[in-house]
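Each structure below appears as C-alpha cells.
Two complexes come next, and they have one chain in common, chain A, joined by chain B in the first and chain C in the second.
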Partner chain A sequence: MSAFVPFVALVLTVFVLAFKAWPAITVNGVHFLVGSSWKPGNVYGAVSTTGGVAHPFGSSYGAWPAIAGTLESSAIAIVIAVPVSIGAAFALTERLPRWLAEILRSAIEILAGVPSVLLGLWGALTLGPLLANDVYPIVANHMPDVPFFSFFRGPTGHGEGLLTSGIVLSLMIIPIVASTTRNLFAQVPALPKEGGEALGMTDWEVGRKITIPWVRAGIIGATVLGLGRALGETIAVAMISGSLLNTIAPNIYGTMGTVAATLVTQLDSAFADGTGFEVRTLAELAVVLVIVVLIVNTVARIIVRRTGHLAAPVGGVI
Partner chain B sequence: MDPVLEAQRDQTHSASEMDPILEALDPDRTRPADVLHSNSLSLAFGEKAVLSDVNISFRRGTITALIGPTGCGKSTFLRTINRMNDKVSGFRHGGDVSLEGESIWAPTRNLLLLRRRVGMLFQRPNPFPMSIKDNVVAGVKAHQIAKGKQLDVVAEERLRQVGLWDAIKDRLNESPYRLSGGQQQLLCLARALAVGPEVLLLDEPTSSLDPISTEVVEALLRELTPALTLIIVTHNLGQARRVSDNTMFLYQGELVEHGPTAQLFEHPKEAHTENYVTGRIG
Partner chain C sequence: MVVGGARVASDGYPSTHRRRIADRVFRAFTLLALLVIVAPVIWVIAGIVARAVPHWRWSVLTTNTVGAGGGLDNAILGSLAIMLGVLIVAGIFGVLGGVYLAELAGFNRNGKQRGAVLRSATEVLAGVPSIALGLVGYLALVVEFHWGFSVLAAVIVLSVIVIPYIARGTEVALRQVPTNYREGAEALGMSTGYSLRKVVVRSAIPGIATSLLIALAISVGETAPMLYTAGWFTGTPKASLFHQPIGYLTYPVWTFWDYPSDQAHYLAFDAALILLVMVLVLLVIARLVVARSQRFAENRRN
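Entry: the complex of A and B
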C-alpha cells in the first residue's frame, strides 16, 4: 500500500498545481513558453479581464528565459558531474587503498548532506568571485571565435551567472551520482573484469569497455536522479545565478535565472497582485517544471531501453 | 577413446618424427622447444604458502593437464603464469617462471604484451557487455592488431575456428548473454585466440558446461596444437586423459609427479599420484 504513496502524492501535486494554474494557462497561452518578457503589470492600477480572468493591466508573462536557464545550468552540471562521478567511483572501487577509499566515501556522503543554502552562500561569496577573477578571463581569452566555443568568450562578469551556477549544481549532484555509481561498480563481478585483464587490456580499457557498460543502465538512472535535483534546485541557484527574470545568458558567464529560482524570488511580490494572477502564473511555472522533469525522465528511460539490449543480465549470471 | 581424438593425437605425436624438409619449414624451429619453464617456483599469499619448489618445463605445442585435489594450488599456479596473481594483496613468489627464456617478471617485460602471448580461458564463460562480434575482437582492438573492416574478417575467422560461425553469423550484433553456456565459452575461446597467443591457460574451462559442449571444447583444444601450447587445470581425470600429452600432479602445494599422461595414469611412480588417479584420495 505504502508503495502508492509517492505516486498519489505526485498526482495530487500536479493536479492541484494545474487546477490552480488553469486560469493563467488560458490567458498566458503559448506565449508563456516562448515569450521572453516577465511583466506583472501595474498591480496597484486598473484590472483587466481576458477571457473572464482578471489580471493587472499590462501583465505579460513569458517564461522562456527561465526555462532555458534551467536547461542550460542543469546541462552544465551534468556535463561536469557525470565524468567526475564515474572517475571518483572508479578510484574508490579500483584504485585507492581501502582505508582511503572509506574516508573519501564518507566525505562524499557528507557532501550530499550539506544544505544547499550553504553551497549557495559559498558559491556567491567565495567560489564565484574566485572563478571570475582568476579562471574565467583566461578561458574566455583563449576560446576560438567559432560556433559553440564563442559561447565561452566575452565578458566574464563578477562570478554570478550560468557557469558558476552549473558548477555549484554539479557539486550538489556529484555525491548522488558518485555514491550510486560506486555501489554499482562494487557489484560488477570479478570474472568479466579478469577476462579483460587476461586479454591484455589496460585498467582503463577494462573500466571503459567492461565495468561501465556492465552497469550502464544504473549510471543513467543515477544521472537522471542527479539531473532531477539540478533542474529543481532552488535556493543555491537563486543566490548564484543573478536571478534575472527576462534574460537569457548571452555567454556562459552571463547572469540568468531558472524556473525554480523564479518561483522562490517572485512568490513574495506575487502576493501583492490583488487579482491573484501572478500566483496562478507561478503555479503554471511549477507545472512547466514538473513537465520538464517528466520529459527528462522519459527520455532517460528510452535511452536505457535502447542501449539495454547488450547489457549484462540483471543480477549478473556470472 | 574417441577415434577422432586418437587420430588427432597421432598426428601431433608424429610431429617429433617429422621429415627434415618439413621441419625446416616449421615456423617455430629456431625458438626454444620449451616455451615455458618454471624454476623452483614458490608461491604464497601473505604467510600462507601455496606452492613450493615447482620445477617443470612446458614443451611447445603440447597440452599439459594440471591435476590435483581442491586447494592444492593448481589455479594459483596457472594464474601466476600470466601474472593475474600480481595484484592480489599479499601475493609473493620465489623462484621464477620464464617465457622463452625471459622471466615473466623481468623489468623489461610488458605485462600487456605478456598477456597477449599467454591467453586465458576461465572456469565460467565471461563474455563482455558488448555485442558478440565486439567480444571476439575486444582484445584485437585493445592491442591495435586490426581495425575497421579487418575486424569483421578476424571475427569471422575466429568464430569459424571455434565452430560457432554458422550458428551465430546472423546474430553478431546481439548480446552474448543469450547464447547457451557452451556457446558463450566458445565465444570466449574465440576472443582469447583472436589476439594470437602462443600459450593458452585453461582454468577448468568445461566445469560449468554440459557433456556435449565439453566434448566440443575438448575436440577444439586438440586442434589448437601444435600451434599453441596449452595448460589445462581440470578436476576431471577423464578429461586430463583424453586431451593432454603430459600431466602434472600437484598435492598439498608440491609438484608430486609429472610426465606423459599415459604413463602417469597407468604407471604412477608416487603413491600419492596412484591414490589420486585411482580415486582413493580426491
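Entry: the complex of A and C
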C-alpha cells in the first residue's frame, strides 16, 4: 500500500492545483501567459466579479515576465553546467588518482546537499557583488554591439539579476549532471578507448570521438533532468534575481523574476487578498510550472531509460 | 606534405601540432571545470563560517527568537521535531514502498514487472518542484482542512517531497542484495515475509539508512514549502500537531538576511551556520555508512 503514496500524492497535487486554479484560469484567460503586468488590485477596496468569480477591483495578472525569466535563467544554468560537468567527469574518471577523485566526488556530493537558501545567501551577498564589481563591467565594456552579444552590454547592476541567478542555478544542477556523467564514463569499456589511443589519438580525440558518443543519450537525459530542477528552483533565485514581477531583464545582468520565485515572494500579498483570488492565481502559476517541469522530466526519463539510471548525489543511483 | 614532420595537412588531417595544443587545452579545461565545481563548495562553507563565527554567541542555542533578534532555540528544536516527524512518516511509507517495488511487485501475465506505473509516479513526483507541493499543502491542509499553519501540514508536505528518494534508495539497496541470500532463505524453508524481514531487508539496511539520512538533509534544508505550511513561531515548539505554527532554521536565513539591522544579519548567519553543520553531519554519516558497507561488499564500486 505504501507504494501507492507517491501515486496518490501526485494525483492529489494535480487535482488540488487544477481545482483551486480553475476560477483564476477562467478569469485571467490567455492574458495570463502573454500579458506582462502583475497587479493584485486594491485588496482593501471594492470587490469586482468577473464571470461569477470575485476578485479585488483592478486586479490583472500576466505572468509572461516570470515565464521568460524562468526560461532565460534555466538556459544560462544549462549552458554553464553541461560543459563544466562533462569536463569534471573526465578529470574524475580519467585523469586523477583515485584517492583525490574520491575526495573531489565528496565535494560534489556536498554541493548537492547544501540547502538552496544557503547558496542563495552566498550568491546574494558574496558572489553577486564580487561579479558586479570586478567581472561584469569588464565583460560589458568589451562586448561588440552586434545582435546576441549586445545582450551582454549595458548597465551591470549590483549583482542581483539574471546572470548571477543562472550561475548559482548552474551550481545547483551540476551535481546531478556531473555525477551522472561520471558514472556513465566509468561504464565505457576500456577496449575502444585503448584502441583509439593505439591509433595515436590524443586524450581529447578519444573523449570527443569515443567516450562522449558512447554515453551521449545519458548525458542529454541528465541535462534535461537538471533543466527540470533549474526551472523549479525557488529560494535561491528569489534571493538573487531581484524578484521583480513586471520586468523582463533588459540585458543579461538585469534584475528579473521567475515563476517559482514569484510563488514564494507573493505569498504575503496573496494572504492579504480577502477574496482569495491571488492565491488562486498563484495556484494557476503553479499549474503552469508543474506542467512545464513534468514535460521536461518525462522527456528526460524517456531518454535516460534507454541508457540506464541517473546518479544520485550520494550513495548510488536514483 | 612533410612526412615525419609536423605537417600532414594536405591529406586532410589536422596538424599534429594543432592536435597537441587542442589536447593541452582540453586537459586544462577538465581540471578547470573541477575547480569551478569544488571552489564554490569551499567558498560557501568558508563564507558562512567567516560571517557567523566572529559574532557567535552560545546563547543563540538557548534563547528564543525575539522579533528579528534574540536566539534560535525555537528554530533548532522546531527543525529537529520536523525531522523526527519526517523520519517517521516518510521513513515508514518510503521504505515500505521501496520494499514493495523491489520485492513484492511480482510479474504480470505478459512477463512484465508490475509496479511500473507506481515506479513512474515515484520518479515523476521527485521532479515536481517543492514549491508546488508546498502550495498544495497550503491549499489542501492549511486552508481546506482548517489545520492552519501546523506541524502536521509541514511534516506531510516534506514527507511527500522526500518519499521518492527513500523509496528509490530502498529499492536500489534491495536489488543489490545477492539472489543467493533469497534462495538460501527459501531453501531453509523460510516464508517470503520471514526471509524478507530477517535476511533481505537486513542486508540492505546500510543503503536504506543512507537514503533516510539524505532525506533528512533535504528536509532540514527546505524553505519554500515550509513558508506555506509551517508558518513561523518564535516560541518553544508546542506538542500540538494542528493550529500551531512552528519555527525552523531556514526561516531566519530567508527572512532576516536582508533586514536593515546587524542583529538580524547575525541571526541569519547563525542560523545558516547551524543549518550547514546539521546538513554536513547528515551527509558525512551517510557517506560513512556507504563506505563501511562497501568495505566488505563482494563487488566494490570503483
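Brief remarks on what is shown
Quick note on the criterion: the second predicted complex is superposed on the first by the 287 of 318 C-alpha atoms of A that agree within 3 Å, B and C clash if a C-alpha of one lies under 4 Å from a C-alpha of the other, contacts with A are read in each partner's own complex, and residues count from 1 in each chain.
Keep in mind that, in the parts below, contacts are C-beta pairs under 8 Å (C-beta built on N, C-alpha and C of every residue); 3 or more make two chains touch, one makes a residue touch a chain.
Source: prediction; values computed, not measured.
Once the two complexes are laid over each other on the shared chain, residue contacts for A:Leu191 go to chain B alone; chain C is not touched. When the two complexes are overlaid on their common chain A, residue A:Thr202 makes contact with chain B and with chain C alike. Judged by the touch definition given at the top, the superposed model places A:Ile210 against chain B, while chain C stays out of reach.
Contact with chain C, but none with chain B, is seen for A:Val84 once the two complexes are overlaid on the shared chain. Greater residue coverage of chain A by touch, when chain B is weighed against chain C, goes to C.
Judged by the touch definition given at the top, the superposed model places A:Ile76 against neither chain B nor chain C.
In the superposed model, A:Leu245 makes contact with neither chain B nor chain C.
In the superposed model, A:Ala222 makes contact with neither chain B nor chain C. Shared interface residues of chain A, touching chain B in one complex and chain C in the other, are 202, 205, 312-313, 317-318. Across the complex, chain C meets chain A through its residues 19-20, 22-23, 25-27, 29-34, 36-38, 40-45, 47-48, 51, 92-97, 100-101, 105, 115, 117-118, 120-133, 135-136, 138-140, 160, 163-165, 167-169, 172-173, 207, 210-211, 214, 217-218, 220-224, 227-228, 250, 253-254, 257-258, 268-269, 272, 275-276, 279-280, 282-283, 286-287, 289-290, 301-302. On the chain A side of its complex with chain C, the touching residues are 1-7, 9-10, 12-13, 16-17, 20, 83-88, 90-92, 94-95, 98, 104, 106-111, 113-122, 124-127, 171, 174, 178, 186, 202-205, 207, 225, 228-229, 231-235, 239, 260, 263-264, 267, 279, 282-283, 286, 289-290, 293-294, 296-298, 301, 312-318. Across the interface of their complex, chain A is touched by residues 82, 84, 111-116, 119-120, 122, 124-131, 138-139, 142-143, 174-175, 177, 188, 191-192, 195 of chain B.
The touching residues of chain A, counted against chain B in their complex, run 191-192, 194-202, 205, 209-210, 213-214, 216, 309-313, 317-318.
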